[in-house]
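Each of the next two complexes has subunit A plus one other chain: subunit B in the first, subunit C in the second.
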Partner chain A sequence: MNALIPSVGLTLSPNGAQNAAMPANISHFTLANGMEVVLIEDHRAPVVTHMVWYKNGSAEDLPLKSGIAHFLEHLMFKGTKNHAKGKFSEMVAELGGQENAFTSNDYTAYFQRVARDHLRVVMDYEADRMINLVLDDATVDPEREVVMEERRMRTDNDPAAQLQEAVQAALFTQHPYGRPVIGWGHEIETLNRHDAIAYYERFYTPENAILVVAGDIGHEELTRLANETYGKIPARGAKPERLRPQEPPARAHRLVSLSDEKVEQPSLQALYLVPSVSTAKPGEAEALEVLSHMLGGGPTSILYKGLVLDQKIAVAAGAYYMGTAVDDTRFYVFAIPNDGVTLEALDAAVEKILEAVRTTPVDAGDLVRAKTRLVADTIYAQDSQASLARWFGAALATGMSVGDIASWPQRVQGVQAEDVQKAAEYLQKQRAVTGYLMPKEP
Partner chain B sequence: MNDLKIAVPASSRAEKVQKVIAPCGVEAWLVEDYAVPIVALDLAFGGGSSQDPPGKGGATTMLSALLDEGAGDLDGEAFHRALDDDAIELSFSANRDIVSGHMRTLAAHVGQAFHMLGLAVQAPRLDADSVERVRAQLLAGLKRETNDPDSLAARTFRAIAFPNHPYGLPGRGDLTTVAHVTRADLVALHGSIFARDNVKIAVVGAIDAKTLEGLLETCFGPLPAQNSITRPTMATLQGVGTRQVVDLDLSQSTLRFGRPGISRKDPDFMAAVVANHILGGGVFSARLFLEVREKRGLAYTVYSQLASFDHADILMGATSTKNERALESLEVIQAEIRAMGRDGPSLAEVEKARKYLVGSYALRFDTSTKIAGQLVGLQLEGYDVSYLDNRNRLIESVSLEDAIRASERLFGNGELLVVAAGRPVGMA
Partner chain C sequence: MNALIPSVGLTLSPNGAQNAAMPANISHFTLANGMEVVLIEDHRAPVVTHMVWYKNGSAEDLPLKSGIAHFLEHLMFKGTKNHAKGKFSEMVAELGGQENAFTSNDYTAYFQRVARDHLRVVMDYEADRMINLVLDDATVDPEREVVMEERRMRTDNDPAAQLQEAVQAALFTQHPYGRPVIGWGHEIETLNRHDAIAYYERFYTPENAILVVAGDIGHEELTRLANETYGKIPARGAKPERLRPQEPPARAHRLVSLSDEKVEQPSLQALYLVPSVSTAKPGEAEALEVLSHMLGGGPTSILYKGLVLDQKIAVAAGAYYMGTAVDDTRFYVFAIPNDGVTLEALDAAVEKILEAVRTTPVDAGDLVRAKTRLVADTIYAQDSQASLARWFGAALATGMSVGDIASWPQRVQGVQAEDVQKAAEYLQKQRAVTGYLMPKEP
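Moving on, here comes the complex of A and B:
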């Protein structure tokens, strides 16, 4: 039911360990050049997931150059001093592997999934493109068109996505989270080879990278492979700093509305600026996570029960906490009205429910159910090496430690009713951006 | 890498599968694995939206969405609460051919999970307020995609490809047909689809065969022995040579294209899989990817795939390009398809495709949920467990000759049914 919210990552809730000690199947170390390494052993199938995460995302895009982190991600597939364009991808395909890459606000990551015997060769290639990327205009120019088509497909074709961009821009008046990851169209059009190389040289360094390997390989073997591949890359010195203007306290309510003739189904969303797992005071992020589940994590949640089941004014309702972020982040609430219900009426009903959550103790049964679910998620997660690799990568790239990850289930269990009620204080209308998606008036 | 032996799995996948048959005759394929304390189940009942009564499009989808909205003595809210109390995941959905179900539970709650699954398939309540709630949700979903270019192109494509056949109708219905579905329609559909002779099941995780046998019996034993679904006639994709534009005020056009495909039962099927992979498979080295995206920057996505439905086989592909260059995209795609039909692939391409298809098969089996899905898929397609080990040998045995022959059959003269949603310049 989070369909209204494009491209939000999963909030961290990895590894099912019930205590804060490092789980036996996880190891974590740093190479001499500063590159961090995490291994998640999973020997059920003879495959590995190999990922390299760079601690830079769209929030590091320079002024006038929005979209450069994402554009460079595309260009990283264009060949190096040692391997012609397309060679790496061709090799991965021949090995029966899968590959891709993704960019978010805070990080950029590249991955391959291959049979365990082929891990070394993808490490060789990935290490090579950390330092040897070669770009020319004949390659860069068509790729810029590809990104423009990607933007048209994701955003220009979809009024809901356009509203989403405007809502983010309204929530973050200073902070670069207000810019779309893919960039603004008029700025993407100006990005060139020099921009890409300058960005690459600044951020693609061993000190700024995290290697995450999940799958059928042991600690000793991975240590050796990592030293023989990434370990050969010379250290660059200090790691690049994230210099981001921070958001001032939110004090005004903002209503952003979009009417479009292509919209047939109206919808409502509200965004609140809240601390992330990385910026929160102890216990606060855990409480926000529990709150988001209690408020809007499915058909037994408070919003669904209130708006869909009891008042019958919405067909769907939910909430989501985007906790995995370097800086203060978003808490989303959304609802889709039933026929004949105005967005204003729905908005008022949401407000009333949030008011109740802020002022009355939450139901003990609801609290237990939310925690049960969050802890179970950490056990379900162990079934997928690819998901675990993603969670560890995202967590470490946004400033968490492996210990933080391991202790997460225990910390969620410790959340009390009053913590949840206190976390709900963040969900005040005068701090919020409300988004209305509406049909065009005839 | 040319050594064929490399592709034979070190251990047999088929040997890990146990066939568990309950006294009621219902069978499940089980992979017992205790590495993670969870159990995943996948199931499919034959007869999806192709069972929608005339004028009631979306009925089967609606029924699927209602199975977990109250069953037995639990109303919708109580049912969901019972699931959440134990963090049990249970959901159902429908496509053209099947109603599928997915369940995941912690091993500690496996008994309760099967109890809930049993209630949902045996005794969905279909209470009036749940029916109206789900109807409103489906209608909202349909309204949301009214002007979505992908949905519009897909709907129009199906309508032209399969006139006078259930496959030509939208699986989730439209605003009119969903409004007309009654509780009686849902009850009748439930009665015809949910029978013991009509279900394929796979279970993966921390459970033994004996325990599973007992749970299958209580879960499925009470269902009627025989289904009464109506099987549609076989259909062949129509409209090859047609270009249809759906006008939508957007700067980009979304194209969907297709031709008749090749049946899984056809001796050339594996060769066709290889041929399609070379044309438009999901790798960055496929011909369409290289020609449309890499060389010309015409699109972010471009692909082709073989789709095998119970009653039709098609080759289908899609891309999205700005209106000014949409025609160019189509021409590039069509030229590649023509060339494949005329000359077939090269030996190097066939070798690379075989390696990819063989090597990547393991990646379909790395989570319990994925394994369960694969095992139900095989049962639906009529394969035995031996296919798990044979499949890669079948791919490896595809010769250049086979791939050329399959290309000729699959791509022919390159004529396509094309639907474009947007304002593509120069495309009539």
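Moving on, here comes the complex of A and C:
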């Protein structure tokens, strides 16, 4: 519960349909109060996945109040006018269900998976905490200590996490993606009940929420249930705006390095600021996705083959593209050096490989294999109700439409070698952030 | 006019008094509407320096509105209900006077120097534009283009300035000192009349202003003039708060590097985040000031002797401490390599010198000479009416008292060798930002 999940690893390949038409098993509608609803019908088993996504994440945290989105996610389990603290979670457990919640840069989401007959009751509870949350100091103050402890455990004692925070802050000097989702320790310490209530009242509104239900339920029944639960919450007016400073053009290279005695395995990462699926020009995001797969998606990828298999200077290497984001986002490249190889040498070898990708067309066979694999992934993914629900939620919460999601595989199929080469132009070292994690020198 | 002056170089050594008592020629009082007044009497010549300081600088720019403090400084010359655009400047010129204005991280100030008989008229005009500024699109829109052009000239075409922006943003990832005073281009472009008026109404109030007059005028006369001019402006209520995110503890080293074909002379800089005079524990700021002088204050300094004279690997080297700041601030070290010396080699040599300073007590004779020189500087500085006025304005606008300023030389005198060595602990490379400016490699 209350897991803190960064958007890393959310690839945008949610649907196996081969054309942009809405797949027959998916419906998308809006309640009278402005709340969006997505239904992904799946009658293979009598279970449902129920999620509510709010279109606010850590990037909406106000200045001086970093961590408030994540803190409120914790507080959402603390009871309402109608249900005592912990009652919702207990109820889900008693029904043999699962639950979770997560905060990311761009959204906050709440999740339950239950037998289909129990859908109504989790909808009742979730709708209740959208409007009836009760917060007092006796609840808020100890929970702030829980979050501080979570931060100490995950970040303050972990040099890799510390480097990660410094690297993100170096890439996003102005944009709030540069702040950790959990918040800075010295600001978490100041969060109080008033901050939490103000945040809750601003963002936890039907206009700002998306209901995603996947599973064994039909359109008519879900419409009725949604209207009887969430539909009763009065509209609050306009949905909250996302107001985010954007990055100025990057002009310098930034190398962020951290040495610590707790580091046993040095590692190298490079971050490039690239368009997201929501900010890219047509075709760019698809090309970046294919590029990330070709460069670093497993043991047949260019980086792995080059660094691990051929040159034997790395024990691992990869790349990924955090495409699902409201604003310009990160393309990551990483590598772990083999014994006796310096990070500087590995860094130079990575740069040489990227330069080759930028200057020579990618191999046609590799390209076809990458695209086939990406499309196949989206088809396999349909087997997991929860993954599918999560993909839809994340995509809709960051500005895509259901049609965008449905047409994604087709658009990936359309990527040409020259698109990939052009996308690689974004991977310019002189404007990137490189991170070195190193053991402490004696 | 409208010069954009960063706080760099404002040392805090304004007064030659050897004890903390208020010097006889200085008086400090507050008008009924909350405006502070400082008079520095100086009857050597029949001239006066007149300054109004507002306690808001670029660090008060709202998110998405960087550059508004500086933009408003430009707009303050565009006329009021009572005086047409340009009239104030014309009048000062006709009187044979000088004028200037500047925006910094922490304050914005307006300055005139005129014959003493003309003080009243500049006070009338300056008070008038504190309350009667008139802004319309016909004035604001072209001035925004002037600022954009100023930015293009000074920064966008100058690799050293670009590196400077990137280095500041790397040091201050959260704190607004990381934003350039002039603003980011993509945000300046969006500034409009409404932004300017909102900013003006929030910050240009008597409660937020300090009048500093230095020159040939007595306390009684200035009190009367101040009450008849600024004193007539109604109080607006509480003074605006400075709301600034602070930096989390730095844990990684950041190397920011920029290569450009326009660079002919490579250079090295290192920035350390240190307490300012306003945030330091007792004695720390004084020790940092002495340290900066010993390390890098001229040709007898440790860095200059070591790098330029002894090792002959640099053609210039120095250090300075930007002590006058509301929040934690920068300690700079810089060096320019001799022909054939790499920045990496120079960087390592600088680090070696700093390590020696951290680990061995500074030379007692050097310490005495540094302190004597710093105190002497404050005495010589009294000869310049305008410098003195500026020191007082900057110090008061960043949170010091007149007493703090008066006791500064005495406190510098009290700095001991161990204080300097302890202050050098702040110069830890593993948490600093290093900047490399390099010619483009062929």
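Details
Note that in this section the second predicted complex is superposed on the first by the 434 of 442 C-alpha atoms of A that agree within 3 Å, B and C clash if a C-alpha of one lies under 4 Å from a C-alpha of the other, contacts with A are read in each partner's own complex, and residues count from 1 in each chain.
Methods note: contacts are C-beta pairs under 8 Å (C-beta built on N, C-alpha and C of every residue); 3 or more make two chains touch, one makes a residue touch a chain.
Being a predicted model, the structure only gives us computed values, none of them experimental.
Applying the stated contact rule after C-alpha superposition, one finds that A:Asp363 touches neither subunit B nor subunit C.
In the superposition on chain A, A:Glu344 contacts neither subunit B nor subunit C. Touch criterion met: A:Leu64 reaches subunit C, while subunit B stays clear of it. By the touch criterion defined above, A:Glu189 lies against neither subunit B nor subunit C after alignment on the C-alpha atoms of chain A. Within the superposed three-chain model, A:Glu418 lies out of touch with both subunit B and subunit C [touch as defined at top]. For subunit A, the partner touching the most residues, choosing from subunit B and subunit C, is B. Using the contact criterion defined above for the overlaid structures, shared-chain residue A:Glu201 touches neither subunit B nor subunit C, since it reaches no partner. Of the two partner chains placed by the overlay, only subunit C lies in contact with A:Ala169; subunit B stays clear of it.
Across the superposed pair, subunit B and subunit C touch subunit A at no common residue.
Here subunit B touches subunit A in the complex through residues 1, 10, 33, 35-38, 40, 76-77, 80-81, 84-87, 89, 104, 106, 133, 136-137, 139-140, 143-144, 146-149, 248-252, 254, 283-285, 290, 293-301, 320-322, 352, 355-363, 365-369, going by the rule given at the top. Of all residues in subunit A, those touching subunit B in their complex are 44-47, 77, 86, 89-90, 92-99, 113-115, 141-150, 152-153, 156-158, 160, 261-265, 298-300, 305, 308-309, 312, 315-316, 336, 338-339, 369, 372-373, 375-377, 379-380, 382-386.
Listing the residues of subunit C that touch subunit A in their complex gives 63-64, 66, 162-163, 165-167, 169-170, 173-174, 178-179, 184-187, 243-246, 248, 250-259, 430.
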